[in-house]
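Written below as structure tokens is the structure these notes are about.
Chains: A, B, C, D, E, F and G, in written order; residue numbering restarts at 1 for each.
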């Protein structure tokens, strides 16, 4: 049962990763792509970690896996802010839709 | 085809690519990159070839760890020299050798 | 199972890498930093499970931290122009 | 074809591709970023080779430290170019 | 819990540093995956970490209470889930329908420093928003779809964070 | 006795670290004093070996192979150890005065690491430790070459670095293949394992090891990095790297060729000899044509390295060729150090690095010129120098096997060497262009002159102690 | 170490040690330098005298030191060696005296005398070498030590002469070394022995021995100035006169000729060499050299060049003597080794005197020199007459023995060569004598200058050595049958060679 739930979470995680990648490819500019990566991939990572934690041998191991998530989140947030900040400092204008650009 | 063997083969190709890069490229930083690729190739062969039956072997792993440290030291030295040269000549390429 | 997911993630990673590395602006390449932060860590923990090598989790932890540092360093130090192509 | 094999082959391909692009790409900045990507992929390869210590070292020293040093060297290049 | 906050300096029988010590010890335990074969190293590390944290972040000024923290966490996890689903939906739609925009919100309700940085970073993981620039109390945001109620959600987050830091919403 | 074997490595490391802590340009006296102790240790080791107690093994920290580090000494390594300290000691005295005016940043620490690396290299017993020591020596040498800091020196150092890294990279790949094939990197364990029927990977490994080391030894087609590096560095550095560093990789080739890869070596023996012959002729020719003094000496190194590789097809039961190789390593090391040292004096005295610039030197610096001439005698292979004995043994080995082509090459090289050595000497006998006497500060140059002279005399005296040297070479071989 | 081992070393050291000390002397220490020089020369003479007495009494003087397995640095002061040692020691003393006078006041004398002493050291080593290895060591040392003397003046011509000298001698050394190593590889290390060492070894391929002989003779022939390897000798005339004396009489060409004798007698053995048909070509080469040198001398106006070609011719008499393969020829060759040295050194001393005092460098400037410098010219005349083989002079003895040897060997054509050579000698020496004695003095000499410490003619130090050698030349000629004379000594050696 737990294993099944874990595997399910892994699949959901994979799905979010996939969505993030699709977003990266399809979204029009750097800001929107940042959205895709920062949100979808991190959610994917969270699901994967949760799925693996469910299958872990010990509580400590599970907690350790889960500990990665906040770290990755913090990293992701900081990096995406840094990139966005730099982009606008360098004058990259956000995409305003095809009709308006 | 085992994991070890696959990466050993990758290592050989990387080594060849890296060596060609060190020898043929002009830009110094690029040559330093190429050297690192070359070294990584040799490391991959070292570990991969030794465990081509997929039995992990700690000895080559220990060697590679040492090797990585050596490679970083070499890279740092090369970069320091390249930067000094750049500061003096404004270029990241070697001037033609005047050897006599 | 986890290995299959890892493979899928690697595929994702490669596809995204190709897209990001292709440009056209340096900003797109910046995204590789983010990509490795999340996807690389995911692959590593999955590998840790699949190969029964718990110490790979430590690698994943380190990578998560490093990705942040490297990404910020990227943005701050190496990205200097918003041009379409690099100079 | 087992999943592990597929994973290895894909990783191998990615490694070779990034290494090739590192050397072939005309822009040095791009080359350094590709090199760092290569380093991170390599650390995945070490993980596959059951060598977590090397994976850690590669991620930290190989990609991280070397990458930082290289970026710094390029920073010098760019700083000089800008007035 | 409320009473112990800020009482560390008074030297009650449950001093403030013990809490940090316990937190670090648990962290070590987790990192060591429940093994105790290197406990002496862990002890030294935990002690050093505690000492370092006391030096760098003296107790009292950044005291965080437990209940708001848990509530914040729940809010955060739920919203990041929403954010992920939303972005995934946008990406996978046959025709991506985006209406990006830059908006500015005011953060003067939050104390400067950690709280605002937390706000900024958390927003990056919330549905549809991404911090672009933080200047004093002005935060510029990039939103994926200006038609969504992003400002309202941002205010909600602000309230949570304010509670977290013990201020009024 | 083996307890103090590690001290040969630790002592230079210690004084290098001390010099590093003391700051730029300092630590000279400590270095000189400790090197004297190392020299005594090296001689003690040689005597110990000569008394027939066999090859000592020291396990550092009590660990054995494969993870531990074994230190092994035999006659050949003792010989290189003596050479290293014997060259280093006078050169350090020389460098202390030479750099007195403008102390370069990190000469002493780098020199210490170089010596430590050399000593560790000759005492190492497995292929991977050898790789590490080889890299230490190479990186220290590159650092020394770059020390002057001019654009030319930096470019030369980078060229050198890239070449040496390619060489050690190939070596490393070879080690990887060897380990993968046999599961060990210990030379002693490998020796009985490798046979002519070894798998292809081992053959490939052997080729990689050999070529990689050839690159590091600057054998003919791979020599391009050497002249700018050795010819561009400050004189004490040139002397140190020319006398010692190229010998390190040659030593290693010899070790492998006589040890694990002996079975394969027979197949490929012709290649190094052909390259060596080409090196002799081309290097000598370029030295004859060189306009700068240091370039002349550096090209001479390219040529002299060629002699070392001539021995490979001649190795055999009679040991003549091996003896020739050992003698040449020793004699060339001392002579080349002496030559660079005396060229350094000439450059300091005349103020420029040009063969044409030494006119009038015969009048004011006879001792230096004498040192140059004596070193030249060794390089030419004239009696009674060590170079002569090496050449004698080499020719005898070649004649016994009917290799007339080699005899001709050796003699052509000797005559070309005479041409470039006497080019300088002749120029020195000319009057200065203006006719007035050259003004030199002889008191300042005295130490430099005498150390160069001492090295030159040592290279001659080697020729008179042939018996001891060959006996030492035979221990454990 | 016994006394008999030390003595050969002492002979070498008696010039080596003063030489090294002189190198270290500052330029202005004239007195100390002169003392060292003369002290060394006198000590050497005394040691040589001791050796001579000992050898006459049947003592063996030998020393050996292993350099490589089976290869020794070995000295053996046998009768033949002593012949050369004595000649060199005596002439060295005289040349040193002459050089002190000649170089008075000129720069770089420490260097000059240092290398001068090294030259003699090398010559001693060559003379006493007991095997080819030792011989070669000192043979090359001689090359190296003479080079700085040849280029001593530092002029472009001197450098050119030095370059040519080096080119010839180093190539010669290379050929010699090849031959020696080949021989060593073939038969192992072997000392020189009476009757040769090769005759006793069986199964050696003849062609190899012939090739080795050719290599050895070619290598030695350079220093011995056998045509066509003689080109360096006239070029080296740019050197100062004492150096010319050294090259022509004391050391260099003698070393070559001595080497030829050592190879023929000590290594191959006369009979074995003859059996291998090696001696006839050698005789032909010597004959060609004799005639060719004389012919060239005839057409030189430069006095020293004429003397140089004369040397080319005369030295080959020694080689010829060896090639005649009989006791008579041997005696003739050996004794000419001494006689040629004495006569030629006299001539060069005199030539130096003319150049130094009057600035005469050419034969055409010699008019009336005899009246201006009678003593020098008398010495010159004695030397020249000796060269021609005039009766009562040393040269006559040599030629007589050589002629007898040729007859004994049945090589009558050699007689013809000797006669032609004598005629040519007369043709190039007599005009000089005629000019010096019978032509009137010119109004001014090219460059007149009498050194401070001298008689009317020239400085004492320059005058005494040629007079001394002239007297000895006469003495050896007139008193050739006395015991202890060069002829007597040569016969003793020949007796041991042909038991």
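Heads up, the rule we're going with is that a residue touches a chain if its C-beta (ideal position, glycine included) is under 8 Å from a C-beta of that chain, and two chains touch if they have at least 3 such contacts.
Predicted, not measured: the structure shown is a model, and the values here were computed from it.
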Groups of chains joined by contact, in the absence of chain B: A, C, D, E | F, G
Chain C and chain B - chains in contact with each: D
Per-chain CA centroid nearest to the all-protein CA mean: F
Chain whose Cα centroid lies at the greatest distance from that of chain E: G
Length of the line joining the C-alpha centres of chain D and chain E, rounded to whole Å: 32
Between chain D and chain A, distance of the C-alpha-averaged centres to the nearest whole Å: 21
Inter-centroid spacing, chain F versus chain A (mean Cα positions, whole Å): 58
Geometric centre distance via CA averages, chain G-chain E, whole Å: 104
Chain E: positions in contact with at least two other chains: 31, 33
Per-residue overlap in chain A, given as positions that touch at least 2 other chains: 20, 34, 38, 42, 44, 61, 64, 67, 74, 76, 78, 80, 85, 87
Touching two or more other chains - residues of chain C: 54, 57-58, 61, 74, 80
Of all residues in chain F, those that touch chain B in their complex: 66-67, 128, 131-132, 135, 139, 142-143, 146, 149-152, 154-159, 161-162, 165-166, 169-170, 172-173, 175-177, 179-180, 183, 185, 201, 224, 227-228, 231, 286, 289-292, 295-296, 298-299
Footprint of chain A on chain C - complex, ascending: 1-2, 5, 8-9, 12, 15-16, 19-20, 25, 27-28, 30-31, 33-35, 37-39, 41-42, 45-46, 49, 54, 57, 60-61, 64-65, 67-68, 71-72, 74-76, 79-82
Chain E - residues contacting chain A, complex: 27, 29-35, 80-81, 83-88, 90-92, 96, 98-102, 120-122, 124-125, 127-128, 130-133, 140, 142, 144
Residues of chain A touching chain E in the complex: 15-16, 19-20, 22-23, 26-29, 31-32, 34-36, 38-40, 42-44, 46, 58-61, 63-64, 67, 73-74, 76-78, 80-81, 84-85, 87-89, 94-97
Touch list for chain G against partner chain F, complex: 23, 65-69, 71, 73, 107-108, 111, 136-138, 140-141, 143-144, 147-148, 151-152, 154, 156, 158-159, 162-163, 166, 170-171, 173-174, 177-178, 181-182, 184-185
